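Read through the structures below before going on.
You will see two complexes here that share chain A, one where it goes with chain B and one where it goes with chain C.
And then the complex of A and B:
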């Protein structure tokens, strides 16, 4: 296999009885990349990681690591390692013994094991005194770091993560997300991360794959997925969004969703599509103001989100829109009052035929 | 809610009464064992430890103890081995007949032991096996192995399967996983299962009565002597048997404590 991909999936199918969890998935992951697979529960992402690590067998297809086919290789012979959702730290061993476990399996001498374990404690900013602590004496965040240290001690070609942050509280999760990204920079390893949290994916990843019903909907960098989603599913999955179902007969007059404006350039005559605009790109248009697209509605609700204010507006067509403004740009319109909203074509994205 | 004074007094009386009723019979056997008289009679007029001396010298007693210990020891070892694998099948692995297995394995515990003993005796006869202490081992296993399996299964249920998967992911093969992960984590369950197995076999009467044939275990002998021809050795051996069980439990606790202490100090050193 001549390719620059570190890990390559070709037509991977996984069936459980009559249920197909993965429908012929192709994927290339590059060396040194932080790659995140995001999807709701049941999308097949857990099945995917179990296949990648070697804990399940695939039904059809192939997995290549560089130029070696590994889908027949059992988990204990693959040069990859995973941080489990439950972390899977061995409760009957100390922190040090946990970190040294993969080294002990390779018969590394005790002194070398210990010095490596202490190095890793430093790398993960845990005090060296933790070496002899029991796992039960560690806090949630410390356990995360121990699990990471153990995985790094293995020195894998690819480090897999199965939602390891999902059990932590918000603040700690935010801290660890940044630490993980930082660790990725410092170690230069390839990270493949699975999560249902888009926020987590956005903060950390180089590239994101969105998964739905056993298929990839879109694989791209975070910005691309955010601003140019390929489908309604991806658009809605990637946070708050306004989608207008629009169509045009002649290629220039726009109809649908109560929008006034010209048909977007990508919309051919006689076709329909979804015009997407994120809440932060919609503005309140004063009398006499202009915008590429305008829509009238009634201000329903106002929520304070800290630095921003979120508004809910019901259009004349009955659609509910979400608008977000910075605190200093808040509207003077009263709740229940009529408002005109506007946005420009440059800030929209057209999802065709959806 | 604070406990009122009267409730506390009632609870105290209840507790003392329970303990008193539970242990009074044992205490009276203890007294009987140190009576000099040849026949069981209260009040005891003269005390003596001569029956203990006699029991320790008696060949019959030695044979009885040997039979009981041999049966209990073999039952313990086999039960723990069966329980280890049985518990993994019971609690850890999903397989087709798992729920049937879970129900069937519990059944022997609920059979009246006398019926189970009789059934086994008839079965041995049908097979042409002459009953001896060896058939008693089989009989005890039928009843005790399920109990041991349950005890280990409780431990196995509380054990995250990801631990074994993680070990495998880091390069461990199946024997290594068993040795480094599964066994150490199930160890407390295995120790208590072994303890239960030994004590249940050691004290078992109904199954032994039907299945030992010409051999005799300690409980059987105690019963036989009570029905026909009382011997002053009966309370003596009874007390010795209780003391032996007690010592065994204490030893088990000591061993568990030692293992934990060793593990801690090892963790602190390495």
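And then the complex of A and C:
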């Protein structure tokens, strides 16, 4: 079957007894992209990756790698490779032996194996002296790099990642996220990454797929998912968001959620939808100031987030809104005081019918 | 304060330590001393000579020793082969059935070894449970497999199975599933996973199982006597005879020391090669 996708999933269904983990999923992953599947626990993303690497069999559907069907191929015969959540390094082997493991299986001569392992240590910015270190002597971040080196030694068509950073502390995770993105650029490999962390996905990915209850809610580039989510679930999953339940009778006057303004152009007469605006696009409107939409409320709380300040405001309708301002744009309104908030239509996104 | 506590702890452990030391070393020392006494004396207040050790070679006792070690080796190898799949199942596959299997194997230990071996004799002997029924129904008889080296090794395998099975299951349980999966993902075949992941990571369990089975089998008497009908004499049998029927304590002691020396060296070598702390579940 001809296709321009490197990996193609067609109607993939996975059932465990009566429980359906994946409901007929379709997906195309292109050569060289960094593709991330994000979802809360129980969304089916772990099932998905187990199917993709061949550790589980699918119930219906097909998986194609280029023009070869691979869903019947056992894991050890697939030209793909995974970095495990636990890393799954071999504790009885040295760092070098771990990296050389896939090469040894292919009977690569010892000298070539070693030079390749040293190359990979360089690529992962580990000192060459680590070659003979024991795994137990490595720190968490170093183990990550060894696991990556071992996977790269395999030279896979696609490199899968099953939340490998989730066990690390925040700072190390941030560093490794950037290194991973950099590594993706330098190797030009196709990376498929699974995580429950939106932040991780946003930092690294070319495209993101949001999973919920065994289906994809939305597959798009990070920016689009952030600014134009297709549903309330995606909007809320992608960080802080304000959603107004709005409707219009005549197609021009907006009603609902205490908002004043004209109905957004996408909202037809007699229909309703969710008007989304991210916290950074809402501003405090002084008397006489203008905005496409305004809403009145009471300033509840103020949180310092480093470079930004986050405000919590309760509208007159009882909805709690989140507003974020740069430190220099902080409001002079007192806590508990009445405020008017405003935002413009250009910074909103309408989720229809939700 | 802490140092005082440590001191008090040591002092209060001292009496028990002394009991253990005496119980462990006193008999060994007595046997060691007897082994260098002249023949057939019943006191260690004699001038040492090493005649008992020369008898070991001159009167062919080394043959018994070789038989014992050989049969123990054979039994250990057979045990390793048949216990591996079973232990693997217990550690990774069977789930709740493992408990049933464990209980069943442990229960067999509640019945005396001699009684279980006599059970096999009744089952296998000519005119016994198997041959007797077969002959009654077909009027064709066949020879009993009893009274040979093969059946002794069978007996050793049968009796010492739990001592191989449980350590082996423990060892295999220590092999992380994700390491096996990762090896497969990196292209390893079943055999390569077995050789390069399972065996090295289960090595402590393998070593403990082999040592236990081998040491116990090398010192076994009952299998050769009951099933083997003394087709071959084991070294443990020789030692018993020397002390009882032979009334030659120095000879018995010398044979014991030889056996203890060989097995002790083997055990120390084996233990030094693996990390026993892992099997005991202690953190490294």
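We adopt the following convention: the second predicted complex is superposed on the first by the 354 of 354 C-alpha atoms of A that agree within 3 Å, B and C clash if a C-alpha of one lies under 4 Å from a C-alpha of the other, contacts with A are read in each partner's own complex, and residues count from 1 in each chain.
We take it that a contact is a pair of C-beta atoms (placed from the backbone, for glycine too) under 8 Å apart; a residue touches a chain by one contact, two chains touch by 3 or more.
All values reported here derive from a predicted model rather than from experimental measurement.
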When chain B and chain C are modelled together on chain A, clash or fit: clash
First (chain B), second (chain C), both or neither touched by A:132: first
Which of chain B and chain C A:53 touches, first, second, both or neither: both
Partner chain in contact with A:75 - chain B first, chain C second, else both or neither: both
Partner chain in contact with A:114 - chain B first, chain C second, else both or neither: first
Dominant toucher of chain A (residue count), chain B or chain C: B
Touched partner set for A:106, first chain B, second chain C, both or neither: both
First (chain B), second (chain C), both or neither touched by A:90: both
Chain C-contacting residues of chain A that also contact chain B: 53-55, 74-77, 81-82, 84, 86, 88, 90-92, 101-102, 105-106, 150, 154
Of chain A, residues touching chain C in the complex: 53-55, 74-77, 81-82, 84, 86, 88-92, 101-102, 105-106, 136, 150-151, 154
Chain B - residues contacting chain A, complex: 160, 162-163, 165-173, 176, 180-181, 184-185, 263, 267-268, 270
Residues of chain C touching chain A in the complex: 176, 178-179, 181-189, 192, 196-197, 200-201, 284
Chain A residues within the chain B interface of the complex: 53-55, 74-78, 80-82, 84-86, 88, 90-94, 96-97, 100-102, 105-106, 110, 114, 132, 134, 150, 154
